[in-house]
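Chain nomenclature is as follows: A, B, C and D, assigned in order of appearance, with residue numbering initiated at 1 for each chain independently.
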Amino acid sequence: MDNFYAPGRNHLFVPGPVNIPEPVIRAMNRNNEDYRSPAVPAMTKTLLEDVKKIFKTTTGTPFLIPTTGTGAWESALTNTLSPGDRIVSFLIGQFSLLWIDQQKRLNFNVDVVESDWGQGANLDILASKLAADAAHTIKAICIVHNETATGVTNNLVKVRKLLDQYGHPALLLVDGVSSICALDFRMDEWGVDVALTGSQKALSLPTGMGIVCAGPKALEASKTAKSVRVFFDWNDYLKFYKLGTYWPYTPSIQLLYGLRAALDLVFEEGLENVIARHTRLGTATRLAVEAWGLKNCTQSEEWYSDTVTAVLVPPYIDSSEIVRRAWKRYNLSLGLGLNKVAGKVFRIGHLGNLNELQLLGCLAGVEMILKDVGYPIKLGSGVAAASAYLQNNIPLIPSRL
Amino acid sequence: MDNFYAPGRNHLFVPGPVNIPEPVIRAMNRNNEDYRSPAVPAMTKTLLEDVKKIFKTTTGTPFLIPTTGTGAWESALTNTLSPGDRIVSFLIGQFSLLWIDQQKRLNFNVDVVESDWGQGANLDILASKLAADAAHTIKAICIVHNETATGVTNNLVKVRKLLDQYGHPALLLVDGVSSICALDFRMDEWGVDVALTGSQKALSLPTGMGIVCAGPKALEASKTAKSVRVFFDWNDYLKFYKLGTYWPYTPSIQLLYGLRAALDLVFEEGLENVIARHTRLGTATRLAVEAWGLKNCTQSEEWYSDTVTAVLVPPYIDSSEIVRRAWKRYNLSLGLGLNKVAGKVFRIGHLGNLNELQLLGCLAGVEMILKDVGYPIKLGSGVAAASAYLQNNIPLIPSRL
Amino acid sequence: MDNFYAPGRNHLFVPGPVNIPEPVIRAMNRNNEDYRSPAVPAMTKTLLEDVKKIFKTTTGTPFLIPTTGTGAWESALTNTLSPGDRIVSFLIGQFSLLWIDQQKRLNFNVDVVESDWGQGANLDILASKLAADAAHTIKAICIVHNETATGVTNNLVKVRKLLDQYGHPALLLVDGVSSICALDFRMDEWGVDVALTGSQKALSLPTGMGIVCAGPKALEASKTAKSVRVFFDWNDYLKFYKLGTYWPYTPSIQLLYGLRAALDLVFEEGLENVIARHTRLGTATRLAVEAWGLKNCTQSEEWYSDTVTAVLVPPYIDSSEIVRRAWKRYNLSLGLGLNKVAGKVFRIGHLGNLNELQLLGCLAGVEMILKDVGYPIKLGSGVAAASAYLQNNIPLIPSRL
Amino acid sequence: MDNFYAPGRNHLFVPGPVNIPEPVIRAMNRNNEDYRSPAVPAMTKTLLEDVKKIFKTTTGTPFLIPTTGTGAWESALTNTLSPGDRIVSFLIGQFSLLWIDQQKRLNFNVDVVESDWGQGANLDILASKLAADAAHTIKAICIVHNETATGVTNNLVKVRKLLDQYGHPALLLVDGVSSICALDFRMDEWGVDVALTGSQKALSLPTGMGIVCAGPKALEASKTAKSVRVFFDWNDYLKFYKLGTYWPYTPSIQLLYGLRAALDLVFEEGLENVIARHTRLGTATRLAVEAWGLKNCTQSEEWYSDTVTAVLVPPYIDSSEIVRRAWKRYNLSLGLGLNKVAGKVFRIGHLGNLNELQLLGCLAGVEMILKDVGYPIKLGSGVAAASAYLQNNIPLIPSRL
């Protein structure tokens, strides 16, 4: 069944799905169970409590939906908005583009605020739109915290400040797919009304669970939102939450146990340490890129992403060839450039349950591939730059002191 | 993490999620992979071809959606129908009720044809509706092949004959959640336009994949259907099918490998042998129920289900107590009575990767529980009746001849 | 790789290797580790402490040897005895016979005390040998606690009493392969000098770990024992125990984690409850055999085994055909009759991580097979007899109260 | 149970136990089975045939013994030799030392030929011993193909030539624990009489299977060898080989399926490609060591090992601190210096199912550790040297062309 077998580990550096740690693989290695027995609700109750911690919310209500990030988007939108509602949405890369496409197809009235791919959300335009909207026709601001296609992290604090500055009541809906549980994210403090992620990203699980967290204002909005929804309807969940059985339809038993194990690992490491580790991995990657003489797709330091780095290649190189070669020769999985940046960037995902030596193996591989495709690289240069930083910054492993 | 530990195997006899065979658990015991590498499309291609065999279709187009049966329902409806469309739907138990609830909330105009819980779909009323609908205002017939709440299997051949008899062009949408890959189901021969199932039922996988198969008429309908949909939109899949990359969003790598293994097991056993095995298990269960002096919730033999048996208990017994006791004393998971039949029936699921001795262990357990709750049962009587039949009918295991 | 595939679970009722519980399979589902890191010694230390509890010893020293029961035997003998030493050994079935064969090949001088297969050790002869041995030429008594081939449990209390009565210093070496962690066994209280078991028996692990526990007198004897040994030499272990690194050669990382999980399950259930469960399963099996009108190979109640039942078949039936048929038609694995009782008995192993409904499924299967081979059985009779007892005696599952 | 948890993969670079590939972990993720059913002998038969291929023998007889390398040694010696037999054995490091210790304790008369640790076997002395032994008092030459403690590969071709040159009939017993299935090894061509390895080395399985292969001359010798043996007696195996049941005692079902999967992977990659991959990994490692300005413990190129590199550290550094630090800070497992070279070398194991990027990650880690402990290393230098070689020599992955 492994028709593409290669010796040794696959080096998985796409920005999702990411590497699953062994304890999580183990936890999921199990038969099905009756989800109506007392065991599954008891576990679900603790999961719902604990998952709030990775959103940094105490007031939010989480939903663990058997779906993907795309479904989680749909859940966020249809539960809080009505057809025709005006929303402001930022187009800065392929994933924000796809979300906007969904927003339009769900019949919202979308003000698309576009930036160059490689830049963050244009908050000046947001400011002017908010300023001009004394009538509060804007019902929601939709923003991707971390654009996975370009490695751009938006500044949510600024978005919140603008909303507050203009006293604007628009909901703040945040795609945290490639940020939550890896980047600093604070749902309550930043006044995020809906935040969402997917199991296969920083939580390092298989795909299949869309995790959506709704703040009180969003829950209130869901009572009057007129978008048609059934599968994604929060209300069906809330009904079963009240009953204490929790599930309007069958959950994946394996993903529940997997989430339990994944959260346990996060808490054992400490969420702040997890975030610091991502900062280290992101920084090291950027130092390598710089040492190689290549440019980061992200155009300014303020937007640097600690979960994914999109690397621009010179015009005479097709970045897809780099990705193909990585897989065909080095058993290394890199991210393709998508849409506008297809052929122009390749992406290194450095999120999830990952450590520094794994990253350095990847960077060493990228160096060889760059040489393969004719880029005049000095082998070892990126690894050297990354190592110099890491050797100064890696902490001792607490459990092994 | 197993807070409800009990020695030995859990005897899982709810009608889903069902027991996962070891080869499938093994196949899923793996790290994530880049779904954009050549490996995943190559596997997906064969899965899409092979999954058609369990629907018995050559003309259908399958969709492997990261969702549950509820999502598969929504996919079937929203891709083929427009708000306000008139549909005929049969209410014969909890799952048909939930589907009808979804149909209404999706703004279809539903003619609900209700039967006593325990009876099959009232096809006389269907006949009269079709007869009266010369204008073809009925756009779809929605029917659950096997109502999991009552153990009732509807006769789809008759439904097709009625449609043909009246030359009626309504789409035939079939919930095959607890039938496909266990009961005789023939999508092409019976002119089913959309059929669907869930991974955690007869395919014996974890929950998380809704499998929807659309016939040519349904695909044609999807081009004009005006129901709002994004996550569930077949068109997004078809676009990626054409590109040969297959996935509009991230699939579960584990479920893909699991499906591969599950299909391999079905084909190794032979689909007809799988169906025959379910007939044996269903028959044996019914013989045991009869021997116990209890009644089947299913009111007539024509509707007997070979995947689930709902057993009526005497009025002085609360069937929920039977289910609770099964779990608390015997590590046996039985199905609760739902809604109208809550407290009145308990359910034995006998579908999926299951054999006769597993079932006999369950039946022996049920006998002890019945005694526990005060029913005057003769211990061994059901097992004896079931064994007498099975001993005459179990074939030798082909691989072990 | 599964060339003998059959649907559903394999019903594993050989008296070892036995069913591995899911939590143990999960715990073993892992990569290798450096056994010289601090992690493995730390785990080993707790394992050595905890494993003593299942031997009921505080004074014994356990060795977790990468070998089978046969190797554990060799370890017990060669570490305590010298070539030419006189030992008394009881031949009551195939496994005691094999141990005696080993004793002879290791050049001990063996007084074989033979009984009919189906009887326990002849302790009258032991008494007379001890009485006649004022010179203490007998260096050891070797006895199988539970003879797996015939389902005979010897009375170790009586053996100890005889030794005490005659003030005889012979070592007491006990094969507890199919008893320890399932039957009542008390190393310290009964003055057992060496006791041993194998991982694949009541501990419900894979094969591969021979667990030998040496009391103080045995350890003392090992200092002067002249049998040649290297791999099995306790002294090599003791050297590394002192160093705190524990392993003279590479252990199986997976079995260590597996043992950890297996012990955790035993302690969670409670060792006394584990033993009581085996009593229930053994009693239920014997009641079924009686109801079938068949005889137990064990000739007297005093020797009944709660871990394995050898069932005598009428002369016109070949018991091997029962075992073959079980596997070929019912996916049931029963134990063959071995050596003297080949063709005459089949064996039902009821040890390890097993519950009552699993056993009842097995018994129902045996009934059908008996009918298959022409025995005039009343189907359901054994299950009825077993159930009647079990329904009165199964406790509620403590974690589910 | 993971008390020493650290995020990301453990980088396992001890020279055994080595990384287990995912397909092998999957294959072993299973319940026990009756080893007396037809399934296990059928699988064993193919395993015995296929395992000969990795020894490159058609005339040898393999034994899959539930033991470790130490047990495999004992099996090789006790089956072919009698107490008092004169043997020549080469002491070149810790593992040859341990084998010699075993040889002495088994009462053979051992001519120990010692070399400096870091040198290969002194074949000049062998030559003179053979020359002087016209009476053929030397019964066996015992040699470690690859000394794991120092990274020294002996030249077996030369040993065979000497034996042939002197027409000496001594048996040639080879410890191939860290060579077979990784280095070029040719049992038949080189006239090796007994060769052995352990499952946890190049085969990349868990510990627990000692694989011993006996040539015709060795089998003949076993008929008269007087060393006492039972557990390790080949004759017990041969008896069951003839019966077609194969096992004198219970094998590990999981290791059998694991071996099946491991061999399948070797054959899929191609044994020659496996060996070439080890040459690449060994060469790359040595180039890195050279670039770091450190010395290889192996004193001459002729003995370089492609499975393990022992790196000498400057006198002011304690190599144990390097190993400790690797584990405590980088989740990297390196091999300690043992015995004479304790504190002086650390070891990088580069054998088994491993690829180039994994090794480069390890090398990058070693660089940082060297800096940690005060060695004046230029970060990236070793990775650069290794990469320069690898980038020229890594082939495309055949399955992905």
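Following the convention adopted for this analysis, contacts are C-beta pairs under 8 Å (C-beta built on N, C-alpha and C of every residue); 3 or more make two chains touch, one makes a residue touch a chain.
As the structure is a computational prediction, the values presented were derived from the model and not from experiment.
Trainee: Chains shared as neighbours by subunit A and subunit D?
Mentor: Chains in contact with subunit A as well as subunit D: B, C.
Trainee: Could you give the separation in Å between the centres of subunit C and subunit D, each centre being the mean of its C-alpha atoms?
Mentor: 34
Trainee: Nearest whole angstrom, what separates the Cα centre of subunit B from the Cα centre of subunit D?
Mentor: Distance between chain centres: 53 Å.
Trainee: Residues of subunit C touching 2+ other chains?
Mentor: Residues 3-4, 19, 25, 27, 29-31, 38, 327, 400 of subunit C touch two or more partner chains.
Trainee: Touch graph across the chains, line, ring, star, complete or other?
Mentor: complete
Trainee: Flag every residue of subunit A that touches subunit D in the complex, lowest number first.
Mentor: 2-9, 11, 19, 21, 23, 29, 265, 268-269, 274, 277, 327-332, 353-362, 364-365, 367-368, 371-372, 378-381, 383-385, 387-388, 390-391, 394-397, 399-401
Trainee: Of all residues in subunit D, which touch subunit B in the complex?
Mentor: So the residues of subunit D in touch with subunit B come to 22, 25-27, 29-31, 38, 400.
Trainee: Any idea which subunit A residues touch subunit B in the complex?
Mentor: Residue list for subunit A touching subunit B: 1, 3-4, 10, 12, 14, 16-20, 25, 27-39, 42-43, 66-71, 74, 83, 101-102, 105-107, 198, 200, 206-208, 227-233, 248-255, 257, 260-261, 327, 333, 336.
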